[in-house]
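You will see two complexes here that share chain A, one where it goes with chain B and one where it goes with chain C.
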Partner chain A sequence: MRGIFPFAAGAAIMLVAGWAGFPRAIYKSRPQPVDFSHKVHADKAGQKCEDCHAFRPDGTFAGIPTLDKCAGCHAAVMGATVAEKNFVEQYVTPAREPQWAVYARQPENVFFSHIAHVKRAQLTCDTCHGDHGASDHLLPYQEDRVSGYSRNIWQTADRVKTTRAAMTMSACVECHRQQGLEHSCLDCHK
Partner chain B sequence: MTSTRRDLFKLAGGAAVGALFTPAPWRLVTDTALWSETWPGVPRPARGEIRAKYTNCSLCPAGCAVRARCVGEQPVALMGVLEHPFTHGALCPFGLAGHHLPYHPARIAQGPVKQAAAAIASALARCAANERIAVLDLRPGRTASWTYRRALAQWKNGTYLTPPRTLGGNLAVNLAAAKTVLSFGTPLLDGWGTPGNVIAAREGFRLIQAETVESRTAVMADQWLPIRPGSEPALARAIANVLGNQPLHDAALETGLTEAQIVAAARELADNGPALVLDARERPEILALNQLVGSLGHTIVMRREAPVPAEWKNAVAATELSAVPDGSVRVLLIDESAPGPYLPWSAVEKKLVAENPVVVAFAWSGEGYGRHAQFVLPTAVYPEMVDDIPAAVDSPAAMFRLSAALVPPPADVVNPAEFVAALAQISATNTLRERADAIHKSGRGTLFTYADAKSTALKDVKADGFWKALNEGGCWMDAVPERQEIPKLAFGPPAATLTADNLPLAVVMAEAPAGLGSPILSKMYQESNLRLAEDRVVLHPTVARECGVEDGGRAILEAGCGRLDVLVCEDPGSPQGVVQVAAGPRTLDLCGSSPRAKVVRA
Partner chain C sequence: MIGPNKQIRAARYGMTIDVDRCTGCGACMVACAVENNVPPAHAGATDRNGITWIRVYKIDNGLPYPETRSAFIPVMCQHCGNETPCVHVCPQQAVDVDPATGVVGEMPQRCLGCRYCMAACPYHARYFNWWDPAWPKGMEKTLNPDVTPRMRGVVEKCNFCHGRWHAAKQQAAAEGKPDTEPVQYLPACAEACPIKAIQFGDLNDPAGAPARAAQSGGSFRLLEKLHTDPKIYYRSKRDWVRASANAPHPFAGQHEAGKENHRG
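What follows is the complex of A and B.
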């Protein structure tokens, strides 16, 4: 009986490390430069997603707004929150662009067209970004130490159930397959 | 309690087994695979401001207008210019992925420039009176071509060689005027001419494709005439006989068609004009049908060359390779930087002197003539290179457009025209601008600018503005001359009939050679056999069985000029007695001059 103890101990240590430690250790985490509340902007300022995350005239997606867009309203402190005060002092006044970490950033070998999904396929933002637009705080940005992929892309429990959290090719293919829209590799890998 | 070494091993063993029941190893496998997609060495597009740059694709003579989506200075996606009056926004798959080429694994970035120059100088010093220095220019009509011709005029036996062509020089095809097109194996809907222009003109003509295999063009044609391999001249003769009310003799037997099919095709050419006859190999005995059906001046038109400075006129004329005496070329310089038709090496080699000829290839990869040359000097590749692109075969008017560089080339690349000019001690540093000024001085035609999609009469544009527009995405189009005096197309001697001897299979090269494409395209086209790779052959299953080879197996393709290791693909749609091969430098070297082959087990 004693003979099996080291083996069992090794297996048990590894099971604990693999199930409890590894999923945490595989990600490195960093906070966003500013704690931004989508909820406040949507509820109080009545803003819609496309007011800040707009398409450029040539159809490309501008992504996260640049500082001048924020400074249009926040040239001076408007509210009473510490986050806003810090934002104005540290970024707007010195005209320093915040270094946002983009949850949905694609790996370099993939081309993703927002306009094709939003305008042509008529997908709403929450299809992929979940309830991110109603969040009160920004989650820390978590990056897989090995693959370099962001963890919180979908921000929707539904997707996490069916796919890995990260936006892997299988997730894209799965959705395209459901829609009967499998085309060529060059659609995304240009 | 003491622990033994054995306990430690047990602990490690338990840990290893335990690990297998956690997500860790499986996740690491996936993560490592994901990491490998973007690991160091994979080119990374820059992040930054997105803007558009304009150029023209120089990967083939079509020269399609290109709008490049750039992040910072880096092109990340190429698309056509929709409003372009001739290329109509179309790019072929090669052009769409053209910005990958600077990263192609076959890319050459360095070469023995000094050694090549020394070898050429020493060979020229030894050049006997009946020997010559020659430049083989795969894409004539460029400004660089004029530099070669001017440089060669400085040597006593300077010879400027071009691939043979009937259409595409001063005779062009006006597809928009055609109502009926009879194509002898020309890949009209699959890479011929300018894709945008062909698509735009397609509605207006009925296409009859006479071809042995059911190529992509045959599939999309209005009618496919599945003729016996090598029987194209026989079909052309039969059609000429019908048009001249002569008997058909045994044309049906020779071509594998019925007499009714031949008569119907001839009648359609005669009754539903203007008609046009094209041949993949531009055989005179086939192209001369155009004369009988009245194409000249309608669907085949004269085209002026874009003007050149008067002082360039002291230049040698173009010579076809076949007109050069065998064993007479001491120095051969081959410009492959602008891809064009590949002449089989056996045809080129016999023109070289027997002892110590010097052959220099200017190329961005060593896949073409670089395999035979002593020196391969690296050139820029699209979209790094700055070059002009003459009008394509299907443009009735002359054109002048620049393939302006979207990215800088590596430091050590050679400009072939400047290299040859330096050998001949003539100046060639500003030739593109000089030619643009000569065109501007002529005041002919219009300038179409890509960014604002505007056409302006050239006489309303200043010389500097013209040059700037050409560099930033513009195209000059000549006015079509009103009078069309077309020289007669001569019926040449009929091509030699194929003999079966010990090579039982007729070689069919179904596609136009495209040169190296983006590695992603090669993967998609070639691994899926959508477009054959150079090391694959297609056989009918019965033919494969007769040859003792099977689908997916290795085999040897044997032709007059040698052997090639190939992979066999069986296709019940492939005709009997035929081996289909991809057109590329290796297969053209092997089969170009002897269109019969055999396939044997490796």
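What follows is the complex of A and C.
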């Protein structure tokens, strides 16, 4: 009877550590270099996602625009926000590229073509990226300490309900299988 | 949206290699290694355990001088279309035949390194990584981002430069072409061949150069008696060259081109 107390205490400690501690410890969180507001830019700068996130002529996706695109407007401080002032002072004036952390960064053996999904399959950006384009702040980048990948690549709550927050192959395969477009490993792997 | 029952026109990518034109220069081997991130040979590598996805073999007719005649035969994965031996033996399902392209693809990340596929391959076209890849300082900047390097302990082989195939598909998407049609592209070896002895294309396209060459006289495949239906067609006007392709031990007693000069 006396032995049950240390056992229960030990089990309780381990459960707290496993449920509350471990999920926090496994991810390393860091803020994005600039507190960027998609919402402000969608209202004032570009109407469409591809105004900044463009395709190159060979079909590759340029991803996050480089500093010269930003400097086109932000050569000097335009607004009144602290974030913009910091951005101009720390990046535009010294011509230093911000080191954005890419939520959707893929493993090096994965080939993902944006244009095949956007132009051919007619998927809209928010199918995978949710309302990221209307967000006011960037989410902190939570890096899995084991795999090195972002915790959450889908910036949409719907996605996370049905699939895991991290990008898994099963999420890709699920849709490809539905579409009858699953042929071989090398469709997506390289 | 793409319909659920997507019908594609399948390609059957293949090559015709004109043995009579091949001078054995080895440009295809170099171009292949550069394209596919095959590292320089490890100091301990020999002809047996080095890596080259395409190997130019030298054969001769076995006659004494002055009747000696030699030929060069580039051998890469033959992309067998029938009962593909390596697919059958793989316990990891790391090898598959893409029904859309006919390419035998291998996933090094799935490979456990048992090397059954190497034993099963009648063409010795598969290579095992005995060492982790290493590039001389500075040379890692020349790595091709479209091809992932492989680690020690896995098997690798030719996949018709599928990094280029991906790029061609992406280009086709950018140009608004439908994805039901096969794309046209050129693997590194075919591009590098200075005398265009290697022709690459869709063998299902009867008007294409490789398909026509495969149907022409003097066309043969390696070890056709095994009925593996390889997609690499060779051509030669010389009878002894064609006969060597069905020898009980192909290239037995022959040696590799430039063996003294390079490893792997």
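We adopt the following convention: the second predicted complex is superposed on the first by the 189 of 190 C-alpha atoms of A that agree within 3 Å, B and C clash if a C-alpha of one lies under 4 Å from a C-alpha of the other, contacts with A are read in each partner's own complex, and residues count from 1 in each chain.
Here, a contact is a pair of C-beta atoms (placed from the backbone, for glycine too) under 8 Å apart; a residue touches a chain by one contact, two chains touch by 3 or more.
On a predicted model such as this, the values are computed, not experimentally measured, just so you know.
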Fit or clash between chain C and chain B when superposed on chain A: clash
Which of chain B and chain C A:Asp144 touches, first, second, both or neither: first
Which of chain B and chain C A:Leu186 touches, first, second, both or neither: both
Partner chain(s) touched by A:Gln122 [first = chain B, second = chain C, both, neither]: second
First, second, both or neither for A:Asp58, with chain B first and chain C second: both
Touched partner set for A:Gln99, first chain B, second chain C, both or neither: neither
Which of chain B and chain C A:Pro23 touches, first, second, both or neither: first
If touched residues of chain A are counted for chain B and for chain C, the larger one: B
Clash with chain C (superposed arrangement) - responsible stretch of chain B out of 350-358, 386-394 or 476-484: 386-394
Touching both chain C and chain B, counted on chain A across the two superposed complexes: 58, 60, 108-109, 111, 184-186, 189-190
Chain B contact footprint on chain A (complex, rising order): 3-4, 6-15, 17-19, 22-23, 26, 56, 58, 60, 107-109, 111, 144, 146-149, 164, 166, 168, 184-186, 189-190
Chain A-touching residues of chain B, taken from the complex the two chains share: 3, 7-8, 10-19, 21-24, 27-28, 30-32, 34-35, 37-38, 42, 44-45, 50, 52, 69, 76-77, 93, 96-97, 520, 524
Parts of chain A lying in touch with chain C, wherever the complex brings them together: 55, 57-60, 108-109, 111, 113, 115-116, 119-122, 178-181, 183-187, 189-190
In the complex, chain C residues that touch chain A: 1-6, 94, 96-101, 103, 105, 107, 109-110, 146-148, 159, 162-163, 166-167, 169-176, 179
